[in-house]
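One chain, chain A, appears in both complexes that follow, with chain B as partner in the first and chain C in the second.
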Partner chain A sequence: MTLLVRGPLSELLDFVRRDRLSGAGAILLATLVLLCLFGPWLPLGDPEEIGIGPRLSVPASGWLLGTDELGRSVLPRIVDGLRSTFLLAGTAVVLTGLFGTLIGLVAAYAGGFVDMTIMRLVDILFAFPPLLLGILIAAALGPGGTSAILAIALITLPLFVRVVRAVALSVAARSYVIAAEVSGAGFLRVILVHLLPNVLGAVIIQLTYALSIGMLVESELSFLGLGVQPPDASLGSLLRLGSVYLTIAPWLVFPAGLLLATAILSVNLLGDGLRDMIDPLRGRPLR
Partner chain B sequence: MNPPVVHLDSVGVTYQSRRLRDSGTIAAVSGVTLAIERGQTLGLVGESGSGKTTLGKLCLGMIRPTQGTVQLNGQPFPRHRRELKGRLAVVLQHPEWALNPRLRVGISVAEPLSIARSLPSGKVDATVEDMLSKVGLEPVLARRYPHELSGGQRQRLAIARALITHPQFVVFDEAVSALDVSIQSQVLNLIKDLQASEGFAALFISHDIAVTRYVAHTIGVMYQGELVEQAPASTFYLKPKHPYSRALRLTLAEEDRAAFTFKDTTGSESARGCLFSVRCPWAVDRCFADKPGLRDVEGSRSACHRAEEVGAA
Partner chain C sequence: MRVVRFVLFRLSVALLTLFGVSIIVFAAIRFVPGGFEDVVLGPFGTPETREAVRAKYGLDRPHLEQYVLWLGATTKGDFGTSLTTGQPVAAEIIRRAPATIQLALMSTLLAIVVGVPLGVASGVTSTNRVARAAGRLVGALGASVPTFVLGTVFVFVFSVWSLGVTVGGYVPFFEDPLANIRAMTLPVVTLSVFGMALIQRTTRDSVLNVTSETHITAAVARGERPPDIIRGHVLRNASIPIVTVTTVFLAYLLGGAVIVEQMYSVPGIAVYVVQSVENRDYLVVQAGVLLAATFFVSINILADAIYALIDPRIGGQRRDS
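Showing the complex of A and B:
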């Protein structure tokens, strides 16, 4: 495993050099995440201070991306919004990753009735249009961060389970798994020692795709007012508020939209790069 | 006298056809009776789909027979595999998947020990190193990962893992088929030497009868799920008593695969007669009407009406 031999930093540099596009995605994503993490300490201004400048003012030195209808500076607000988007989508995707991997492995290895039951439930979840599922959950639990997280997790779960199950099925047919079974290895040992470490590559790739879908869904829900509630903002809610003033103050919408598109693009580029790295047909295998 | 290590008594495995309109059953293995004694190797040959691997899984208790019984040392299989405590092991075909790529190979080799919990953990490392030298590898290799090793080395490690609990019975399922010829003979010699020192019973499955010749004491020939001939290796390679075995042996002697001139007629078997009759150059009317069972023929067991004539030819 090269990672252990050469250290993660040199592996990352190698990755950037080999695959410029996804390297760029990785760097962009890292920059955005750092921006969100350290945003409060950067001299961007207070996202919630009202009347920092005139209302709906064009960009100027005190408010680099203009001000909104309450005279709040737009720049710190979109950084704040991006952080909410990352945080909600990220939390949801971590949940998807944990449960999706577990469910997929159990379905693949248990087989038979358990597999069939799990996969039919997953199919049912798959059948819901994503936004409809989000609205249903918001209606049941009330709008807010928690229901947004739950909605994103349930929307990204079905594909995740399917991918993990498919990879685990092929791993389970390998000689070392059969040899372990002959030696009397139990269900847990096979799943934890043999299957889990060998589906992780696929899990990581799938996590990046789930994250980009999650960010999109979070923005959609917030745009409809079903995500984070004021005074908190996410990119989706900023887009909705800004859309009212689209013709007179386009700086409310465009920077937020552009930031969201850039963030999702960077996640997708990174995901494509990781897939190319692991896919045996398209590059050297990651072991 | 001790019971044989593995004993199959008229064992069959049938699968229910999954198609809705087709209520038929598919027999993967039927009516197989055989026994493998301590220190003996049964070489199992036959074409793809003849049921060799299924028979191997039956012997290991990985699948339950739908007819007949499988016994281990005269006992039925325990309910939980863990109770076997490493008495059974397997070595399979693909060296690239022989070992978990995420584990150091020493851990993989030690796995049957950790499952059986038969050894205090302090002694495991020494046992693994000992086993590695037994299969002709440097003990320092235990710290490597599988992708740092060659196919032959990985297959040796798979053998080390199989033998680390000193099993009574080992199945080698196409264990050398993916290796090139020089590595093949090294690994075959290794298996032979280890059997001489460890005394395990073995089932050696191969589609290649040149390979079984090196290691097997007895040869069994499978055809469409049935054992059609069983004979001591020396007799088998000199005078096969079944037309199918004879054809297999011809490919060996003449180094010419074209000698195997039968058409593939799978699915068009004579319903009542011998399964092989539609492909058999020796077939007479009786073969299409009357199914031959295994019978003793001059030291061999053959399922052919004309076994004596085939053997004499």
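Showing the complex of A and C:
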């Protein structure tokens, strides 16, 4: 008898087959990320070159999605913009993931005064409406990519900590954790060896949702002129600049908007699918 | 009595939260690039004038004393004077409040009125594969299109074909109700789509969870009519997550209003706060963020009271998930 060892690839294929919608989201997201990674080597044109075609020209060969007010090709510019959006939101979400998981685990396992203090601080962060926290940070630190990253991290942190803590609390009460404590496992060992692997599922689900919120917030801040500053551009700031010419050159706006919505949709679909897979008892219809 | 005690407990936590918020908001404005005196003087400050400004605004005093003075004035409704117009910030905000309040109320109402039935529909039909996928796709789509992208599409479409609504052209409701509704339709729809999706998704999930419970099977076995089951058994049990997600939407709405007010030239508080970031009118930003946080915290207390009213099991213990 052969022992069947399933590699990550067959797991992935299985996921795509079982849940078509989320599979489509995963494939779409992978495609967009690859497009951003390899964009500079694809024959899309130079995003910065001025006067590659006439100003505000309709789509044509050489500038497949038209040109902007300086005669720059729109197609490579929106690919660049998507890369900025992914990078800023992704960096922020990695920060949230690291700190949120750590803080949530410590709060859950330390309990008592430490837990209470952490959760009250989280409440304070949670009291700020998302975009307004971003606006406050942009006002205090000046608009720019760093402010946007900090804003997204602080906006997504409270929910992250709450979810990790809630899951960790239920895990910490299980008998194998108590057994580990009895056999002398210290604070760090319990947290890292016994709790962390069991909250990872919840962490991954929250990461995808945080990424989608992060992309929304980043593009909204940039649309308001409080995110990335010229000469850098993200999809939000491209839409901000393009909407000036909305009626005469709609190609400056709609491809960027469509790309942004598609990217966020792919992240959301993936998140839904992961949630259904990791937490299969939720949201199942009666058969 | 149980509900009252529960709300009182939440109220004290909320006050503590707002205290923390006020410290952050106060401190954030101290971080302003160049310092506050640069904002007042512009690029022409000399060391002497800078010192004079610092003395005038009390910036030379210890931070703690500044904070106590500021908090004292703020709780009395004195948010200082706008540096751009020279008017009290509170008066400027009150003048812009009606538009934002109308926008928020109408968007929330529309989001609930559309989102809940849509969620129930996609919940009860999800035994069908196609309907299940459609329900998921609609929810994910609505939550994925950024407000400003949707708004841009609307502005484009409705500037070409008017179809009875106007892009911009805000008039106060009590001046000309009809023109007001015509101008507010697009902002309200744009803002509420995200809420519709959020509420649809949550309603769908909780309907799915409730319908797999045994008391629903029992109701079906008793021969109750499906509409009665949905109203009497499913919706009541599913309503707590719906209340939660509505408060989440309200928090989002306070930010989304910024974008919508700017796009459709609605003279509200939200867009005023953003313009004040550009004008470096930091007292307005401070007041706006503080007010928004106070509003959101109050809404959460209200939601807690509603939970306790809907579900007799809630009260006393903390809500954690």
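Here is the rule we go by: the second predicted complex is superposed on the first by the 275 of 287 C-alpha atoms of A that agree within 3 Å, B and C clash if a C-alpha of one lies under 4 Å from a C-alpha of the other, contacts with A are read in each partner's own complex, and residues count from 1 in each chain.
The working rule: contacts are C-beta pairs under 8 Å (C-beta built on N, C-alpha and C of every residue); 3 or more make two chains touch, one makes a residue touch a chain.
Note that this is a predicted model, so its numbers are computed, not measured.
J.: When the two structures are laid over each other on chain A, do chain B and chain C clash or fit?
T.: Chain B and chain C fit side by side in the superposed model.
J.: Scan A:Leu102 for contacts with chain B and chain C and give back first, second, both or neither.
T.: In the superposition, A:Leu102 touches no partner, neither chain B nor chain C.
J.: Which partner chains sit in contact with A:Phe223 here, chain B, chain C, both or neither? Use first/second/both/neither.
T.: second
J.: Can A:Glu181 be said to touch chain B (first), chain C (second), both, or neither?
T.: So A:Glu181 only meets chain B here.
J.: Given the superposition on chain A, what is the angle at the CA centre of chain A with arms to the CA centres of chain B and chain C, as a multiple of 10 degrees?
T.: Given the fit on chain A C-alpha atoms, the answer is 90 degrees.
J.: When the two structures are overlaid on chain A, which partner does A:Leu87 contact: first (chain B), second (chain C), both, or neither?
T.: neither
J.: State whether chain B or chain C is in contact with more residues of chain A in the superposed arrangement.
T.: Ranking chain B and chain C by residues of chain A touched puts C first.
J.: After the superposition on A, what does A:Leu35 contact: first (chain B), second (chain C), both or neither?
T.: neither
J.: Classify the contacts of A:Pro197 with the two partner chains as first (chain B alone), second (chain C alone), both, or neither.
T.: first
J.: Rounded to the nearest angstrom, what is the minimum C-alpha distance from chain B to chain C in the superposition?
T.: The answer is 8 Å, the least C-alpha separation in the overlay.
J.: So chain A touches chain B in one structure and chain C in the other; where do those two contact lists coincide?
T.: Residues 287, which sit in both footprints.
J.: Enumerate the contact residues on chain A facing chain B in the complex.
T.: So the residues of chain A touching chain B come out as 1, 174-176, 178-186, 189, 193-194, 197-198, 287.
J.: Which residues of chain B touch chain A in their complex?
T.: 60, 62, 80-86, 88-94, 97-103, 108, 111-112, 115-116, 145, 147, 158, 161-162, 165, 171
J.: Quick one: in the complex, what on chain C touches chain A?
T.: 13, 16-18, 20-21, 24-25, 28-29, 31-33, 126-127, 132-133, 136-137, 140-141, 143-149, 152-153, 155-156, 159-160, 204-205, 208-209, 211-212, 216-217, 251-252, 254-256, 258-259, 262, 273-274, 277-278, 282, 285, 288-289, 292-293, 296-297, 320-321
J.: Which residues of chain A touch chain C in the complex?
T.: 20-21, 25, 120-121, 123-124, 127-143, 162-163, 165-166, 169, 212, 216, 219-220, 223-226, 236, 239, 243, 246-247, 250, 253-254, 257, 260-261, 264-265, 267-269, 272, 282-287
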